[in-house]
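One chain, subunit A, links the two complexes that follow: it is found with subunit B in the first and with subunit C in the second.
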Partner chain A sequence: MLSSKRLILAHFWLAFAAFGVALVLGAWQMFVRSPFNVWHFNPEFYYRSVTAHGSVMGYVFPTLVAMAFGYAITESALEKPMIGRRWAWTGFFLVAIGAVVAMVPVSLGLASVLYTFYPPMVGNPFYYVGVVLVVVGSWIWVALMSINFIAWKRENPDRPVPLAMFANVAGAYLWGWTAVGAALEILFQILPVAFGLRSTIDAGLARVFFSWTLHAIVYFWLIPTYIAYYTIFPRAIGGRLYSDAMARISFILFVVVAMPIGVHHLFADPQVGAGFKFMHSVFTGLVALPTLLTVFTICASAEIASRLRGGKGAFGWVSALPWKNPIMLATALSLVMLGFGGAGGLINMSYQLDASIHNTQWITGHFHLIFGGAIVIMYFAIAYDLWPHLTGRALNTFGMMRTQLWLWFIGMIVTTFPWHYVGILGMPRRMAFYDYLNPAIAPQAFSVMMSAIGGFILLISGILFLTVLFRGQFGMRSEAGAYRFAIPVHMPARIPVALNSFGLWLALMIGLTLVNYGFPIAQLLALPQTNVPAVYVGAAR
Partner chain B sequence: MSEQKLFSFRNSWFSTSVGTTVAIAIASALAGLIWLPLAQPDLKLAGIWDAICSAAGIPRAPVSASVQQPDFKTSNVVLTPDTIGRKDAVSIGRGATLAQRCAICHGPQGVSDANSPNLAGQFAEVTYKELHDFKTGARVNVVMSPFAANMSDQDMKDVAAYYAYLPRVPSSKADEKVPPPPIVVTGAPMRNIPPCGSCHGELDYKAGSPWLGGQSAVYIKAQLQAFAAGARRNDISQQMRNIARHMTAEEIDQVARYYEAQP
Partner chain C sequence: MSSETGPHHGEAVAARIERRWAALSIVIVGVLVGMATFIGIHQATMPQGRVELANPRTLHLSGEFIESNLGTSVEADGSVVVRAVGQQYSFTPQCIVVPVDTPVNLRTTSADVVHGLLIEGTNINTMLVPGYIADLQIRFKKPGEHVMPCQEFCGIGHQGMWGKVKVVEKDAFAKLMASRRRISCVE
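Now for the complex of A and B:
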């Protein structure tokens, strides 16, 4: 029962419009630092573009998709209009205004600090204010998800919360807590410097705060994808979800162990002790667990669907899957990219192996494969699946959807595999210019060119995606019926209270955060003389 | 569902999840804070508490009390935004008077062809630091050391302010057609040499690094050779010595000729 269609569509369109712009920037960046670009250009433009691309793709786009999908889940899974629609519009406008406020100084070249901020670099204060507005807007969503969850539970004390809503609230709580790190960094460290009240900044502490956000944010991006795996995919291919409880446990594991692991981004940083790096490494290893559970459950669900369709044999059932169904295709391609990306991630999280690829293009390749590949391809699937229900018009350009999904997959592989490879060769990330005539760098030229071609394949796929959605707005009117989620093989009538509530899991999440982050942060706060002079972007030095 | 009590050790979900989480946290802490540091032979730890402090990243004074002191003087100049102070007319005027004794080598307008550094337009921090280093003996030169020996701190600041005030004059050997050698533009990352311009202007400027444009090639070459040989050692943390040691003789020539030809 989707009643806030305009709200949800507004979120999706803003998300995808921003995505389209950032995608063009991304393709330009791939081109301009590749050997294809034989002209000189101002490297400052590159850093502006990277900042805009990262801020939009990292903060604006996934946040809006999670919000839109969250509202859609609230109304369709709980089968009632959501509470607080007016607040939801407030949140939307905060995100929209925040995105504009942040992007103006970036386009003017006043805040080329990249989306990870990198103190002691400090840009125009309005960039950070814009990011804060985006986060505050998303916190309204967090609150609304929680309120709707609690209200429904109160009205239905004897029914388990539908899986989609349970997972959605898990994502909301995770984001609510993980955004606190960057918020502390911006409000108490960067903004006072950006407004000129202070001229020095504790860059080490700022990096620790940012790592608090930086890794768990990935799981916030990931959760809509996982919700789609569990609640859209089995229904779309005509099967059933293998296990409802397993799904809940996966999302709970994300809530608990996604947080206390961010210091693995700081393996090369001196301000955190080696012991804490090890502890974070251990928990990073644990976060593979919910993903392995998910891969198992989803493959099992696919097998159920296939055998219902007459699939036979130990592996023969794979061919009986409905491969022409875009959701089937997107999920399969997503899992392949998740597999490769996850394998790369295991290298990043290990202290010794990380040393060989830290701060190289390997890292950029890794997060594009996981986020841009495995996660975003499921955002496409979510949009395709929801669109007829939101617009009230048929979306039947299936051939185009399949082409789009294949192009995204191929483009992402062609982009990121060579990217990983040049990282192993030692190519540093965050650089605008590489002299490919230098014999030491020349062997990387071919891989970088391949990568750039992949970037343009992705751009074509992105244009196709927007075309499909745009045509969907003007298609034939048709009533799509109620939006439904996948039904598990065994529909739970009663479930343990632990799998139906978050109190315990939030307590563990916050407890583990204190254990793993408490000492490093307290120590850096207490140490004297840890501040360094701020480097103002665009200022004369 | 609501009749079950969640926060109770009778609830197996609670006891299992809390128990497992605490066990993993304790095991990883024991391994990361005690076992792994003690397993490292190079860490030289006094005991378990020492291991924990080391792994937690608590800064400690070095265990061995005998810090090796160099047998020569090192620069003790600290450059902050307030080092030079205000470059007002009085300071510049005093500097101009004091600078008359410098003119025989450095030129009456701060420019000369005597293969001594051209000081006109040089950053005040640079002139001040070098004078200070000559005075303390961190840098030694038969001509300059006696001059600096009797200068007060304010004298050095005034002279520095005066030369910074003078306009830069293109050298007589200026030639914009000289192409920048690779060592200037990109450095040599494999030898840990950054591009010259990343400290000496053009790309970026770090306080205390001199402006090199228009300096005598003979002077630049002599200084780089002195850095490489360890004869000059007033660079902080061996910045220039480490660079010069890894430069080839040919690169030193190229750099010297290139900067001499620059404005």
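Now for the complex of A and C:
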């Protein structure tokens, strides 16, 4: 029962419009830094573009998708209109205004600090204010998800919360808490300097705060994708979900262990000691668990669907899957990218292997494969699946959808595999251009050209995606019926309290974060004279 | 799935397979973490143990990072130490010279914003965060030259921040070191 269709469509359209703009910037960056570009250009434009690309793709696009999908889940899984639609619109406008406020100084070249901020470089204060508005808007969503969850449980004390809603609320809580790290950095460290109230900043402490947000934010991006795996995919291919309980355990694991692992981004940093780096490394290993569980459950669910359709044999059932169904295709391609990206992640997890690839193009390849590949391709699937229910019009350009999904997959592989390779060779990331005439760098030129071609394939795929959605707005009117989620093979009669509530898990989430971050932060706060002079970028000279 | 034995049997089978997979997953993660731990301890490849400070405002006035102390030195106890500073958009010294097959202590910091350095063709990789000293134990197996780019975005000249490392034979290094207290390969 989707009654807030306009609200959800507004979120999706803003998300995908922002995505389209950032995608063009990404493709342009791939071109100018490759040997294809023989013209001179101002490197400042490159860093401006990277700041915009990262801020939109990291903060605006996935946040809006999670919000839109969250509202859709609330109304369709709980089967009632959501509480607080007005507040939801407030959140939407805060995100929209925040995005504009942040992007104006970035476009003017006043805040080319990249989306990871990098103090002691400090840009125009309105860039940070804009990011804060985006986060505050998304926190309204977090509160609304929590309120709707609690209200429904109160009205239905004897029924388990539907899996889609349970997972959605897990994602909301995860985001609410992980955003705190960057919020502390911006509010207490960067903004006072950006507004000129202070002139020094502790760069090491800022990096620790940011790492708190920087890793778990990926799981916030990932959760809509996992919800689609568990609750859309089995239904879309005519099957059932293998296990409801294991799904809940996976989402709970993300909530608990996504945060206390962020210091693995700081393995090469001098301001955190070896002990806590080791702790975070171990916890990073744990976060592979929910993904391993998920891959099993989803593959098993696919097998169930295939055997219901007459699939036979140990592996023969794979061919009996409905491959023409875009959701089937997207999920399979997503899992392939998740496999490669996850394997790369296990390499990044250890200090010893990370030293070879830290801050090289390997890392750029890694998170583009996981986020841009495995996660975003499921955002496409979610949009395709929900669109007829939101627009009230048929979406039947299946051939175009399949082409779009294949192009995204191929583009992502062609972009990221050479990136991984040059990373192993030691090519540093975030550079506007390279001197390909230098004999030490020349062997990397071919791989960079491959990546640039991949970037353009991705751009074509993105244009096709927007075309499909746009045409969907003007298709034949048709009633899509109620929006439904996959049902487990064995519907659990009773669910343990722990798998139906968050109290214990939130306590663990906050407790583990305090244990793993408390000491490094306290130590840096206690150390005297770690504040260093700020370096203003884009200031009037 | 097996209709002849009833739904409850199927449910039990499903739960058993799932538990086995979960156990296997835990073993996989355990082995990976164990491997990283073993190698870290066995080969002593752990990050620096303690946090050291260096004030970027007074780097040039006193302490180990004054200009005359930068470059490669042989300490009183015979160990080789390289001290270098990163600033927008260069390293000092731009070219570092080290002996082959010798343990070297690389001590670096930043004079302004966050930088980093990696030495291509090796796994030497560290961040240069202003206010803090990065301390790394390194060793080169073969003589030769490596490029040493800054690997962290440090401003609009970041793409131009490339240093160099020259690894020389031990006797050549001793000859270079004989006449000077601090050496580099900056010409």
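Operating definition for what follows: the second predicted complex is superposed on the first by the 539 of 541 C-alpha atoms of A that agree within 3 Å, B and C clash if a C-alpha of one lies under 4 Å from a C-alpha of the other, contacts with A are read in each partner's own complex, and residues count from 1 in each chain.
In this text, contacts are C-beta pairs under 8 Å (C-beta built on N, C-alpha and C of every residue); 3 or more make two chains touch, one makes a residue touch a chain.
In this text, all values refer to a predicted model and were calculated from it rather than measured experimentally.
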item: Clash or fit, subunit B versus subunit C on superposed subunit A; value: clash
item: Touched partner set for A:Val532, first subunit B, second subunit C, both or neither; value: second
item: First (subunit B), second (subunit C), both or neither touched by A:Arg393; value: neither
item: Which partner reaches more residues of subunit A (counting touched residues only), subunit B or subunit C; value: C
item: First, second, both or neither for A:Ala274, with subunit B first and subunit C second; value: both
item: Which of subunit B and subunit C A:Val282 touches, first, second, both or neither; value: both
item: Which superposed partner A:Leu512 touches (first subunit B, second subunit C, both, neither); value: first
item: Touched partner set for A:Ala432, first subunit B, second subunit C, both or neither; value: second
item: Partner chain(s) touched by A:Asp158 [first = subunit B, second = subunit C, both, neither]; value: first
item: Partner chain(s) touched by A:Arg207 [first = subunit B, second = subunit C, both, neither]; value: second
item: Touched partner set for A:Ser501, first subunit B, second subunit C, both or neither; value: first
item: Intersection of subunit A interface sets (partners subunit B, subunit C); value: 271-274, 277-278, 282, 286, 435, 438, 440, 523, 527
item: Touch list for subunit A against partner subunit B, complex; value: 157-158, 160, 256, 271-279, 282-283, 286, 435, 438, 440, 494-501, 503-505, 508, 511-512, 515-516, 519-520, 523, 527, 541
item: In the complex with subunit A, residue positions of subunit B that touch it; value: 1-2, 4, 6-7, 11, 13-14, 17-18, 21, 24-25, 27-29, 31-33, 36-37, 52, 54-59, 182, 186, 189-190, 204-205
item: Residues on subunit A engaged by subunit C in the complex (per definition of touch); value: 43-44, 47, 112, 114, 118-121, 202-204, 207, 242-243, 246, 266-274, 277-278, 281-282, 285-286, 288-289, 292-293, 296-297, 300, 304, 307, 346, 349-353, 355-356, 358-360, 425-435, 438, 440-441, 489-490, 523-524, 527, 529-533, 535, 537
item: Contact set on subunit C toward subunit A in their complex; value: 1, 7, 10-11, 14-15, 17-18, 21-22, 25-26, 28-30, 32-33, 35-37, 39-40, 43, 45-53, 55-57, 88, 109, 112-114, 116, 118-127, 129-135, 145-147, 149-159, 162
